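Given below, in the form of structure tokens, are the structures.
Below, subunit A partners subunit B and then partners subunit C, in two separate complexes.
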Partner chain A sequence: MANINAAIEVLAQAIIANKELLTDLDSAIGDSDHGINMARGFEAVRAKLAAANSGDDIGAVLKLIGMTLISTVGGASGPLYGTAFLRAAVAAQGKTAIDTDTAAKMLEAAIGGIKDRGKAVRGEKTMLDALEPAYAAFVQGMAEGQALPACLSLATAAAAEGVEYTKTIIATKGRASYLGERSIGHQDPGATSSYILLAAVTDYAKANA
Partner chain B sequence: MKKVINNAEQVVEEMLQGVVLAHPQYVKRVEGFDVIVRANSPVQGKVALVSGGGSGHEPSHGGYVGRGMLDGAIAGAVFTSPTPDQVYEAVKAVDGGKGVLLVIKNYTGDVMNFEMAAEMAEADGIKVAKVVVNDDVAVENSTWTTGRRGIAGTVFVHKIAGAKAEKGADLAEVQKVAGKVIANVRSMGMALSPCTVPAAGKPSFTLADNEVEIGMGIHGEPGTHRETIRTADETAEHLLNKILADIAVAAGEEVAVMVNGLGGTPLMELYVVNRKVAAILGAKNIKIAKTYVGNYMTSLEMAGFSITVLKLDSELKELLLAPADTPALVQF
Partner chain C sequence: MVGIVVVSHSAKIAEGICELAGQMAAPGQKIIAAGGMSGGGIGTDAFKIQAAIEEANAGDGVLVLVDLGSAVMSAELAIDMLGDELKDRVAIADAPIVEGAIAAVVDASIGQPLVSVAATAAGARELRKK
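Showing the complex of A and B:
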């Protein structure tokens, strides 16, 4: 990818633009703050990146993002996304460009971080229901020899399906789990924000291929 | 949205400034953080207690910072768990060398953020222990959920574990008595009207004029079901029966009772509820050692209430009745 700082700006814009959608989804089954918290976190990321001028070391930029999200988002999504970015940072350490292989490793590490911190697995109506199928689709695209933007497109499409899938299942993790069967029919806000992030990365990769 | 605020983004900051200005004899601010601690922190040679959570539950938790209860409290964004760096600052500010007990309400985010903070503090060599409060019987406790939520019963944990720490107990003893409170405390609430998170600008749910939500959480999370409003006596009986179905209290045993307002309920109505609670317990020959009626764990301007019952033994009773001197709870 061409420029990590430009890519992150696209992510921040996508989250901030969807602040209300994420909050509305959360008010149906959670505590109505997901969009507000994520937007606050990515506003802070923007400010930190501008101030730090951390150059093009992708690992360093992702680490700064992880730390910023942990200290500004709060709730469950702060530690979860923060840990995801910190783990992805390790996978991208010292890189100034991302190839397909590195991207797969980053995604894998990020998902591992979310699982460790959240003690969740796929099928519990969480962000993993978007991210795990996305990773599988990405790896399959890679095995077929597709380029990074195409692999990301496949991943995003799988994440979108994962988000749809969350409507059909009962939440067993997070605040929505208190609803039991009443959580069916509602789309998971965390899975949705994961989809939004992936879709934004994909758009950026396609535009800058 | 109609609120007495200046700016939704500044609500927590401006509230904290107001708290410190109102109660300088009790609390001070940890500069640069959304943390308030006892004015004389760190108290040397005493186990320190730290709690916190999203804002919007005032007087929880900052109102309980003072002698006999908490040493520090962290105010997250409204209804949002505080971040690990904030909790870490609170721990560092209150540690008097005997360790710090974190009192956490059982929500996924709170548990994760406090655990991360504990890891950071332990890396500095500070002894940290934690307890997770899960008193809400509205939520089924099974492996299929995150577990019961922590609500108003948390105040009893602050009170009793705080009294234990004040007596000079060590960290393991304070943690143990906090665990005993958690094992013996049960709560359940209901809501008549929703609340509005300032940054969201609109209510998190809606209820029809004659409709109430039973089992409502303290963040506007949906409860167990909705029903047409009943009398205070019928509602109190329903909630209390759910509580007593969950924890066996025999005739002759003693309890503490809390009838807690969620922010928008007149004290008049809370006392009406308390009358029925006392009558039901009296009919079962359950003794009430102490009753608390008021706004202890609120949910912004939500109308509604919760009932909490804490089963007492001699140790819990003695610690509950011990003195406390904090902005929101004073007893001699």
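Showing the complex of A and C:
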């Protein structure tokens, strides 16, 4: 990937542009703060990255993002995405470019972090319902010898299907679990923000391939 | 004496619980609030919780009382970020936050160890209202 700081700017723009969508989704089954929280987190990420001038070390940039999200998001997505970025940072340590193999390791590490922190598994109407199928699709593309942008496209398509799937299931984690069966019919805000992040990375990778 | 940290999404709730539980405290007992975000908004901040745990520790460990949802996750993340020496002497109470904090403060004030303070806080679940 060409430049980590430019890529992160694309992520931040995507989250901030979808602030209202995420908040609307969360107001249906949660505490109406996901979009506001995520946008605040990524605004802070933007400011921190600009101030830190952390260069092109992808691991260092991702670590700074993780730390910033932990202290600025506020809701459950703070520790979850924060841990995800910190774990991905370890997989990308010392790198200034990302190849397909590294991207797979980063995604795997990020998902592992979310599972550890949230004690969740797939099928509970969470971000994992977007991210785990995305990882499987990415690895499948990699096994077929596809390039990074193509692997990311496959991952994003699988994440989109995962978001659709969350409409059909009952939430058993987080605030939405208080709603029980009434959570059916609504797509999960966390799965949606995970999809948005993946889609943004994919767009960036395609444009800069 | 075991230190107590109270984590809530709301700074006012955390401070209020510390004030209430503080009525039962021994002189010098550490009861630290870690509520809300740095900017004052509703939410939890793992770094704020980490700092509160370090402040609350007087050498005998710390019990962390939490409200709901991300408070648990942020507290777990805060503990993960602590130094190895302190990490093993911090526990999250499986307890109602108000009753648990008061029970924990009383038990800690008489010099009970962390395992006892945590069990006493958890026992506050059984304090029926009727």
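Definition applied: the second predicted complex is superposed on the first by the 209 of 209 C-alpha atoms of A that agree within 3 Å, B and C clash if a C-alpha of one lies under 4 Å from a C-alpha of the other, contacts with A are read in each partner's own complex, and residues count from 1 in each chain.
Everything below uses one rule, namely that a contact is a pair of C-beta atoms (placed from the backbone, for glycine too) under 8 Å apart; a residue touches a chain by one contact, two chains touch by 3 or more.
No experiment lies behind these values; they were computed from the predicted model shown.
Colleague: Evaluate whether subunit B and subunit C can sit on subunit A together after superposition, giving fit or clash.
Modeller: On the shared subunit A, the partners clash.
Colleague: Between subunit B and subunit C, whom does A:23 touch in the aligned arrangement: first, second, both, or neither?
Modeller: Only subunit B; A:23 stays clear of subunit C.
Colleague: So, does A:172 touch the first partner subunit B, the second partner subunit C, both, or neither?
Modeller: Touch status of A:172: first partner only.
Colleague: Classify the contacts of A:48 with the two partner chains as first (subunit B alone), second (subunit C alone), both, or neither.
Modeller: neither
Colleague: Check whether A:87 is in contact with subunit B, with subunit C, with both or with neither, and answer first, second, both or neither.
Modeller: neither
Colleague: Identify the partner contact of A:76: answer first if only subunit B is touched, second if only subunit C is, both if each is, neither if none is.
Modeller: both
Colleague: Looking at the overlay, does A:95 come into contact with subunit B only (first), subunit C only (second), both, or neither?
Modeller: neither
Colleague: Once the structures are superposed on A, label A:182 by its partner contacts, choosing first (subunit B), second (subunit C), both or neither.
Modeller: In the superposed model, A:182 contacts subunit B only, not subunit C.
Colleague: Check the contacts made with subunit A and report whether subunit B or subunit C touches more of its residues.
Modeller: Counting residues of subunit A touched by each partner, the higher count goes to B.
Colleague: List the residues of subunit A that touch subunit B in one complex and subunit C in the other.
Modeller: Correct list for subunit A: 33, 37, 70-80, 117-118, 174-175.
Colleague: Which positions of subunit A touch subunit C when the two form their complex?
Modeller: Per the touch definition, subunit A meets subunit C at residues 33, 37, 67, 70-80, 82-83, 117-118, 174-175.
Colleague: Using the touch definition from the top, list the residues of subunit A that touch subunit B in their complex.
Modeller: The contact residues of subunit A facing subunit B are 23, 27, 29-33, 36-37, 40, 70-80, 117-118, 170, 172-175, 177-180, 182.
Colleague: Of all residues in subunit C, which touch subunit A in the complex?
Modeller: Subunit C residues touching subunit A: 9, 37-38, 41-48, 69-70, 73-74, 76-77.
Colleague: Would you tell me which residues of subunit B are touching subunit A in their complex?
Modeller: It is residues 54, 76-86, 107-109, 112-113, 116, 139-140, 144-146, 149, 197, 199-200, 204-205, 217, 219-222 of subunit B that touch subunit A.
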